[in-house]
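Below is one structure, written out as structure tokens; comments come after it.
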Amino acid sequence: MTAAPAGISLTAIGKTYRGRGKDVEALRDVTLDCDQGSFTALIGPSGCGKSTALRILLGLEPADCGSVSIGGQTPQQAAAAGVTGVAFQDSALLPWRNVANNIALPLEVLGRRVADYRDDIAQLIALVGLKGYENALPGELSGGMRQRVAIARALVTRPQVLFMDEPFGALDQILRRQMNIELQRIWGETGATTLLVTHGIDEAVFLADRVVVMQAAPGRIAEVIDIPFPRPRAAELFGQPDFHALCDDIAKVLHGG
Amino acid sequence: MGVDLWQRWPGLRNALVLIAIWELVGQFKLVAGGALPSLSAIVLRLWVDRADYPGHIWATLSASASGFLIGNTIAILAGVLFVTFPVLLRITRGLNIAIFALPPIAIAPILALTLSGMAPRITLAALGVYFVTMSATVIGLSQYDSRAANLVRAYGGAKWQVLWRVQLRGALPAILSGFRIAAPAAVLGAILAEFGGGGRWGLGTYLLGSLGRGEPARIWGIGLVATLIAGLSYVAFALLSARLVGTSRAVSLNPAAPPALRVDPSPWWHRIGLLLCSVALPFVVWWAFLRVLSVPSMLGKTPWDVIHYLFLSELRATAQSRLFSALAETLPITFAGMILGMGFAFVLAVSSRLLPEFTRAFMPVALITQTMPLVALTPLLVLILGRGTSLTLWVTISVTFFPAYVMMAQGLLLVPRAAVELPRAYGAKAWAELRLVAIPASIPYVFAAMRLTAPRALLGVMIAEWLATGRGLGNLLNQSRGYLDFNMIWTVAAVSVLISVGFYQIVLMIERRVLARMGMAATE
Amino acid sequence: MRLQMNRRHFLGASAGAAALPFLPGRARATTPFTMQSAWINDAEFAGYFIGLDQGYYAEEGLDLTYLPGGPDVIPESSIIAGRADLSLTTPDTTIKAIVEQGAPFKIIGAQYQKNPIGIVSLAKSPILTPQDMIGKTIAVPPVNTISVEAVLAINGIERSQVNIVPYSYDPTPLIRGEIDASLDFTTNVPYTIETMGEEAVSFLLYDFGFTIYNDTVVVTEETLRTKRAELVGWLRASRRGWVENFEDPDLWPPRWMDTWFAGTGRSLENELFFNHAQQPLMASPAGYMAMTEEGIEANLEALARVGINGTRDMFDTTLLEEL
């Protein structure tokens, strides 16, 4: 939208969880740079550390070593400045707030005047296709609708950097594809640097400029694959042979091939 | 290893610190001139009194075990019946809530009058376990795996086969968790019935007999033994349920749980009829109880006798004024104590989101105090606080605080991690996180805790009044017993049950409204 | 009821009581008979324990079951409910129940000729007469409040001049000085106070106009009709027990520490103190358990002062006359 999008940079990050009996090395020497405005997908098996990487980027956990930068700031600074937006796997809507107020939550946390964002919120609700549901409570919405509210909430601060942790994990295949297409459109309109953590290879390939494949024990980056398909990408891409070929390649990397 | 041990068991470390402080406080008589004896003095006294204990422990244990068995058997059968014929659940709703809410101390004298020998203790213990196990059974039976049920039906299985093969099996974890909470309740019931029950043996009897000795160490010893029995019974069933079903999932007590149908398609007269049945049933049971046992009419008063005494008889004016002046003393302090107790619990539970380490260390302490029988607690507080209003207030606060705290803190742990982390990802400070998430999220648990603790608050006040302060409803009950004023005994019992049930209903109504507006479900 | 008896037998057996008090009784044809006591087992009931241990009740053809009382037992309710044939009570509550509730009770004997309750205070700030109570804080069990009020009225003291607070048989507040005196058994609590390092003094309410008995023997009118012979037997055996007890007050209590007194948590010295202290309160020229005309008259007079208007026919002395 207005401000210049910022890039993301992880340099030589390491993180070990001290557990009972044995320690778990969640991340070892992870280095990753995402250019301003790019779309990066992070994919890998359970326990490969992709969620840990995201939590470090969100400032929810410190790294043991290495450095993190979001547009030249630490994660905490970036969060406090409203640079980042986030959507989790669980929509994490507060059940006692209606759709509009749930979307406004980040604004309240950042201490911004919610009244100044009335129009933005209305636009975002329209953008995620929930016009008319402004006053609905989360309990009255379907799972897909709740997830779309969560995405609108991630966008309400006009973030320059957008983090998404399996935001469509709970949705069925059809809805998921719809949401993928919508997310691509929204990303195009906002130009935010986006990092998507996902389990779905096709989703990663469809959305991202680059797919970063991680492996577990210790969590590390196995390979970074550039996605050559031109934008805007249409739903038909899901059916094309070269799309499938690329997905198969990534699957091979994932399975240690 | 040593350091590791502390880190792994912060509860153990805290317990040791607590014991050390206790010992020092006792040794130097820092609390109320030695009313809190040192732990070593208590243990020493236990050793001196060791010959007294077996008989008392045996009496209390056998009464609570019998009550536990009988109460649970009835509760499980009732639960099965209620799930099979849901209309029964609605008809017995009033009775179930009355059993849940009745302050045991109010009916202990009545049971002592109408039953004999060990029967009052067993009955009160059984009443103490019934509601917990019945709700656990109903919840357990209702939450079965419908696919498994369909499978049995697909092979031609009858309703009872589904019940037997799928539902009861699936309900086992819930029922066992119910037992866990029910076990200390049985001990409390048995001890409470020793008030007014007579007999030579039982920890309650021993405690009452020892109150006049001026020996704090013994009173503490008895209190700790009672707590130990209640606590061990809790642990035994926790282990059993972990062993049998591989789960130690907590079933939180939810008095509202009887899963009444949300949308009722039946005609209005049908609903009203059921409601009337539900209200009338407790009185019918009351009346039938007297008839079946053929209690002499001088001792046993029917609902009509009580109404007659209070509103129609020549004695009505004095009866009313005695009752109302007692209520005027009891009710304000009940509410004040409950609100303070809930308030402390709320503040502590909500702030435990900020201090998770503290919660982890404090929770075992809170759980232990919850298993401490109220009757054992009150004399200990008397030793420290004397016999004034502050005693009543503290008894009430302490009986409401711990269950409310446990319920709210456990409830808050159920708030999804993502909901908590979202504000943090936007750089929210602790206070904003509390205000935006933790506090609103705890509201269902505040209501649940209020429903749970209101009857306990009244019970606490009445026990304190009976044992110590000589005021209010508890004293009126005690004094009426002394004067053989059987009309007043039954009146006080009935009124205190009505107050408990009434308060419960009011909280439930407000809860439904508020939660519906907030888009949240009542806690299960 | 059966449970109660089983428990007693169980306890008797487990205590390994060599005397086996039940056996002589069982050897003959005996009538089951149950008495409800007024308090937990202590020296107050020594006479009955001797009667049981020595087989005096069995000799009267009674298979006696003894139900102990306690701070929370209402003895009268046991006889109304038919749990016991006979009960030891306080005369004020019994007569109040007859007058106000129409309870069908008759008083057929009295253990204490003088009610042992009195005002107990510390020797260092003694309260020796009702006049001394003025301006003081006195702890009184709720049930006995009217008795104290009666003494105040008899001695011309305004109720408002004394601060009465509830009491539950715990001398601690007295020792700590939270209260100035308490109403308690003068046979018992002074000992407890002495063990706590203070000296106690007391006066009996009886000596200042509240002239009532205590541990009155009460039965229902129906029991009086149907079990007259048993009641007379009970009175005779009880009197024998009491006579034997006071021949040497130190003899019996030590034998009961593992039987009758087991589990009460009270010391032998306490029981011996009690047993000595109660002797003058029970003695009567007409023999133990007796009720004289003057005594009954005094009871009725004292109770009338607290608004309990009993009559002579609530007492039945004809059984005592048969002894």
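Lettered A, B and C in written order, each chain numbered from 1.
Just so it is clear, contacts are C-beta pairs under 8 Å (C-beta built on N, C-alpha and C of every residue); 3 or more make two chains touch, one makes a residue touch a chain.
What you see is a predicted model; the values in this text were computed from it and never measured.
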| item | value |
| --- | --- |
| Maximum inter-chain contact count - chain pair | B-C |
| Label of the chain whose CA centroid is most distant from the centroid of chain A | C |
| For chain B paired with chain C, centre-to-centre distance based on mean C-alpha positions, whole Å | 37 |
| CA centroid of chain A to CA centroid of chain B, Å | 47 |
| Separation of chain A from chain C, taking each centre as the mean of its C-alpha atoms, in whole Å | 83 |
| Sites on chain B touched by chain A in the complex | 8, 416, 418-419, 421-428, 432, 436-437, 440-441, 443, 518-521 |
| Touch list for chain C against partner chain B, complex | 1-4, 7, 11, 40-41, 67-74, 76-77, 80-83, 93, 96-97, 100-103, 141-143, 165-173, 175-176, 178, 189, 192-193, 195-196, 262-266 |
| For the chain A and chain B complex, residues of the former touching the latter | 20, 58-60, 76, 79-80, 82, 84, 86, 88-90, 92-96, 98, 105-106, 108-110, 137-140, 157, 163 |
| Complex contact set, residues of chain B against chain C | 33, 49, 51-52, 55-56, 59, 109, 112-114, 116-119, 194-201, 205-206, 208-214, 218, 295-296, 298-299, 383, 386-387, 467-471, 475, 478-479, 481-486 |
